[in-house]
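One structure follows; several queries about it will come next.
Letters A, B, C and D mark the chains in the order given here, with residues in each chain numbered from 1 onward.
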Amino acid sequence: MSKVVDHLKGVFSGDAQADRVVPPSGFTARLTSFAAATMAFLTVFALALSMASGRLAMKWGDELTHSSTLRISAPAGQMADQTAAALRLLETTPGVATARALTSDEQRALLEPWFGPDLPIDALPVPQLIEIQETDEGYDAAGLRLRLQAEVPGAVLDDHTRWRKPLQQAAGRLRMLGWVSILLIGATTATMITLAANAALAANAQVISVLRLVGARDDYIAQAFVRRFTLRALAGAAIGTAAGLIAVMILPAAQEKGGFLTGLGFQGMGWFWPLLIPPLAAIVAFFATRAAARRALSELT
Amino acid sequence: MSKVVDHLKGVFSGDAQADRVVPPSGFTARLTSFAAATMAFLTVFALALSMASGRLAMKWGDELTHSSTLRISAPAGQMADQTAAALRLLETTPGVATARALTSDEQRALLEPWFGPDLPIDALPVPQLIEIQETDEGYDAAGLRLRLQAEVPGAVLDDHTRWRKPLQQAAGRLRMLGWVSILLIGATTATMITLAANAALAANAQVISVLRLVGARDDYIAQAFVRRFTLRALAGAAIGTAAGLIAVMILPAAQEKGGFLTGLGFQGMGWFWPLLIPPLAAIVAFFATRAAARRALSELT
Amino acid sequence: MAYGYGGAELLSDISLKLSPGSFHFLTGPSGSGKTTFLKLCYGALTATSGEVRLFGQDVRTMNRDDHALTRRRIGVVHQDCQFLDHLPIADNIMLPLNVSGRDDLEDVANLKELMGWVGLGKRGDAYPPTLSGGERQRAALARAVIMSPDVVLADEPTGNVDWEMSQRLLQLLIELNRMGKTIMIATHDMNLIRAAKNNVQARVLRIANRKLQLAGADL
Amino acid sequence: MAYGYGGAELLSDISLKLSPGSFHFLTGPSGSGKTTFLKLCYGALTATSGEVRLFGQDVRTMNRDDHALTRRRIGVVHQDCQFLDHLPIADNIMLPLNVSGRDDLEDVANLKELMGWVGLGKRGDAYPPTLSGGERQRAALARAVIMSPDVVLADEPTGNVDWEMSQRLLQLLIELNRMGKTIMIATHDMNLIRAAKNNVQARVLRIANRKLQLAGADL
C-alpha cells in the first residue's frame, strides 16, 4: 500500500526526464483522453438523471405521505362536538404534527368543481374535513382508527395509502433506473480507460523494451507511463465533466412548471457529486496503467 | 457510392487470403469489440428508457385527453330538459365520440369520499354530470362552450386542461431525456468505434507498409482491415445488445403495479429497435476503418 | 535528377539509365544516400527535381495503383527487413504472390526450392520475430525474388550473413541476372563485389559528394 | 551451460569465462546462435541448463532490479537497433545516463566527443527513423558505451557501415579495451577480425555444431 502512495506522489510531483521517454501522443493516447471525456460526460448525465429522480421520488413521497384527511359525518347538532373531540384526540396522537378543521370556505372551494360556486354548504349535510399533517415518523393509522371508532364514531380516516403506493413505486423505479445507469456507465468508464491504457502500452512495446535494455528499472518505466496516463485520464474526465455540466445546465430548463418531474439538473450539494468524476477516472487510470505496465514488463527480462 | 457497395459486398463475401494479412488480435482489436459491446449495451438501456417514457407520456396523454366532463346545475325542474338538450347538442358536436349522463348511483359513488355513502342525492341540488369521450381529433372546446352558453345556460364544461398540461409536460421531458441519452450514447458509440479503429490501424502500421512494399493495392489492404473491423464491431455490438436485452428483461419487473411508470422494457414493435444497433455499429465501423485505412495508406507511397 | 530530405540536397545531378539485364553494385560511405537512391528507383520517394521513369512511365504521373503494379515488377530487399509478424516465414515469402492474386502450384514448388537455396528450408514454419538477423535478410531476399520480378533492388542483403552464405545469395542474384533480370545491390562489402566481378559483367556505382559516379576498375 | 528455444537445443555444453579486460570476437554461420549467446551473456535469456554468472552473481538468483543494475554495467549493441523514435538521436544516446539518474556536465562533453567519433556529430538532432542503416548502428554503439560500462557486447556492429567507418568503430572499442573494459563482438567480417588482431590481443570464438570453440590462428 505504501508503494501505491509513493507512486501516487510520483504521479503528481513528476520527473521531467522520465516524462520524456513516453511518446507524447498518438491514437491510443488520444483514445484514453477521449474515453475518459465521453464517459465522464455520460456519467454526469446519469448522475443528473438519478438525482432528478431521487428528488422526484422525494417530492411525491412528501406531498402524499405527510398529509391525510379525516372526514366527520354526523347529524348537524353533533358536528361541532365530534369535530372538537377528533381534534383533541389527534393532538394527543404521536406522529401527528398538526390537525386543522377546514373552514366552510375551504370546503366550498374543494366542492366547487362538483356543484358550482353557489352551493349552500351550511344547508347541506356536508361532512366536516380535518386536514392532518404528519411528522416525519408518521402515525399508526390502524391505532388511530381504533381510537376514533371509540370516541368519534362519525369519523373516517383517509390516509391516502391508495394514492401513495403507485407514486412511490414509480418514483422508486425512476431512482433505481438512475442508479442502474450510473453503475453501468461507471463500469463502462472504468473498463474503457483500462482497455485504452492497455492498448496504449501495447503500442509502446518498443519504448518499454528499449528502456529495459538500457538498464531502466521497472519502477522508473511504470511510473513514466502511469503518470502520463493518469494525467491524461484526469484531464479528459475533467473536460468531459465540465461539458456534461454545461450541457445539463443549458438543457431547456422550464423546470418549475413541470410539476411531476423536477428539472434535470443539480441542486445544492448535488453539484458536489459530478466533481468526483475526474478524480475517480484518474484513480482508475492509475491502477489500470500500473497493472498494464507491470504485465508488459513481466514479458521482458 | 457504387464503390462503397462493392466494399460492403467484399466485407461479407470475404477473401480468406486477404483476411490472414491482418493480425488476429491484440489489445486494440479487443478494444474495438469491447467498445462496440459496451456501447451497444448502454444504447439498449437508453432505448428502453426512451421507449418507456414514450409509453408513459402516451398513457398520461390518453387517460386525460380523451375524456372531459360537463356539469349541469339547474333548478330541479329544468334539470332533465337541460340534460337532454346538452346530450343532443353533444351528439352533433364533431369530435365527441360518446356523451353519457351519469346515473345517480355513479354520482353518489363519486361523491362518497366526501359525504359518505348515505348521501340523499336526489334531495340535494347536486349537478348532473355528463361524461364525454372525445375522438382522437378532439373537439373545439371554445366553440362548444359558446354553443352550450346559448342552449344550455346551466352547463359548465371541464375539459381537464388544468390537469393535462403538467402531466404532458412531465412526460415530454421524460421522453426528451430518453432521446437525449440515446443521441449521446449513439454519438459516443460512433466516436469510440472510430477511435478504436484508428488505434488498431496505427498499431498495424508495419503490416500496412509491408503489404504496400510487396505490391498490394490500396483497395486490397483497406478491405482486409475494413472487413476485420466491421465484423468485429458487428460481433461486439451483437453481444452487447443481447446482454442489454437480457439485462432489461431481468430487471425487477413488477411492472403493472407501477401505475405512473410503465415498466422499463420493450413491448411489441419496440423489440425491433434494439436489433438495429449491431448493424448500425457495423456501418460506423465500416466507414471509420475505411477512412482510417485510407489515411494510413496516404502516408505511404 | 536530384533529391533532398527537407532543406539540404542529398543527391544532385544524377542521371542514370538501368538497361534491362544489367548488374549494378552501389557503394558509398554510410549515410551517403544509397538507400535513398534505391527508394527513388522503386518510386517510394519522388525526386525533388528532375524526372524518374519506371518502365518508361514518369513517376509523377503514376497513381497509387500504378505504384502497386510497378512494385510487383520490382523486388526490393530493405536494409531493415520487415515482415508480417503473425504469419510464418513461408507465408511471408509468398506474400507478393498472394497480394497480386497469384498462387498456383508452380509457385509453391518454386517456394520450396527458393527457401532451400537461401538456407531457410527447415525454418518455413518459424515466425519472423524468432529469426536471426541473417535469416531475416535471406527471407527478405527470397520474398523479393519469388515473383521473378524484372528488377531486383537489394539494400545490403549480405550485411548479416557469413561469407559462404553471401556467396550463395550472390549466386542466386547472378542466376537471375542471367535470366535477363536487372539487378542492383547496395553494399559495403568490397569482397562481394570482387567475387561478383569474376562471374558477371557488373558495373559499380559509387555515391560520393552527392554525386553518382561510375567507379573504375579500381577494386 | 546449454540453451534451446522450445524443444531443440541450440547451444550445448558451453563453458566460458570472460576475464575482465579481455577482447573477444564471436563468429559462426548465420543462425548458429551468436545473438542467442550474447543474450545469455547479459541475462536477457536464462540458460535452460547450467549456470550463468554475471559479475559473480548467478542469473537465476537475480531479481528484476538486479537485472536493471547489471545492464548499466553492460553496454549492448543489438543486431536490430531500436531507439525511442520520438526523441532526437542525441537524447537516445544519453538515455542510459538518464534512466540511471546520471547526467552531469562531464557526460555531456563526453557525448559530443563520442558522437563525433562515430560520425554523427552533425546529426544529433535527427530522429531515429530518419537515420540511415549505418547511422543507426553507430548510434547504438554510442549508446552502448556512453555509460563506460565494464563490458561491451556488440552484435554485428559493423554490418552496415563502410570499411573506413568500421575501422573507426573498432578503434573505439580497442581504446575502451585498453581502459580495461571487456569487449565481445559478434561479426561475420573476417577482415575486421584480422585488422583487430594487429592492434590488440583478441581471441576468436566460433560457434559451430552447437558448440563454442576457440578458433586458432587460422585466419
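Convention: contacts are C-beta pairs under 8 Å (C-beta built on N, C-alpha and C of every residue); 3 or more make two chains touch, one makes a residue touch a chain.
As the structure is a prediction and not an experimental result, all values here were calculated from the model.
Engineer: List every chain that touches both chain A and chain D.
Structural biologist: none
Engineer: Relative to chain B, which chain has the most distant C-alpha mean position?
Structural biologist: Farthest by centroid: D.
Engineer: So what's the Cα centroid distance for chain B and chain C, whole Å?
Structural biologist: 62
Engineer: Using the average of all C-alpha atoms in each chain as its centre, how far is it in Å between chain A and chain C?
Structural biologist: Between these chains, centre-to-centre, one finds 67 Å.
Engineer: Measuring from the mean C-alpha position of chain A to the mean C-alpha position of chain B, what distance in angstrom results?
Structural biologist: Using C-alpha averages as centres, the distance is 23 Å.
Engineer: Using the touch definition from the top, which residues of chain A touch two or more other chains?
Structural biologist: Counting only residues that touch two or more other chains, chain A contributes none.
Engineer: Where in chain C do residues touch two or more other chains at once?
Structural biologist: none
Engineer: Quick one: do these chains touch in a line, a ring, a star, all-to-all (complete), or other?
Structural biologist: ring
Engineer: So which chains end up touching which?
Structural biologist: Going through each pair of chains, those in contact are A-B, A-D, B-C, C-D.
Engineer: Could you pull out which chain D residues touch chain A in their complex?
Structural biologist: Chain D residues touching chain A: 43-46, 64-65, 67-72, 76, 78, 82-87, 91, 95-96, 98-100, 103, 143, 147.
Engineer: Which chain A residues qualify as touching chain D in the complex?
Structural biologist: Per the stated touch rule, the residues are 17-18, 20-21, 23-24, 206-207, 209-218, 220, 297, 301.
Engineer: Which bits of chain C are touching chain D when the two form their complex?
Structural biologist: 5, 27-31, 34-35, 79-80, 119, 123, 130, 132-135, 138, 155-156, 159-165, 188, 190-191
Engineer: Under the touch definition given earlier, write down the residues of chain A that touch chain B in their complex.
Structural biologist: Contact set of chain A toward chain B: 26-28, 30-31, 34-35, 38-39, 41-42, 45, 49, 71, 73, 110-111, 113-116, 118-120, 124-127, 156, 158, 165-167, 169-170, 173-174, 176-177, 180-181, 184-185, 188, 191-192, 195-196, 198-199, 201-203, 251-252, 254, 257-261, 263-264.
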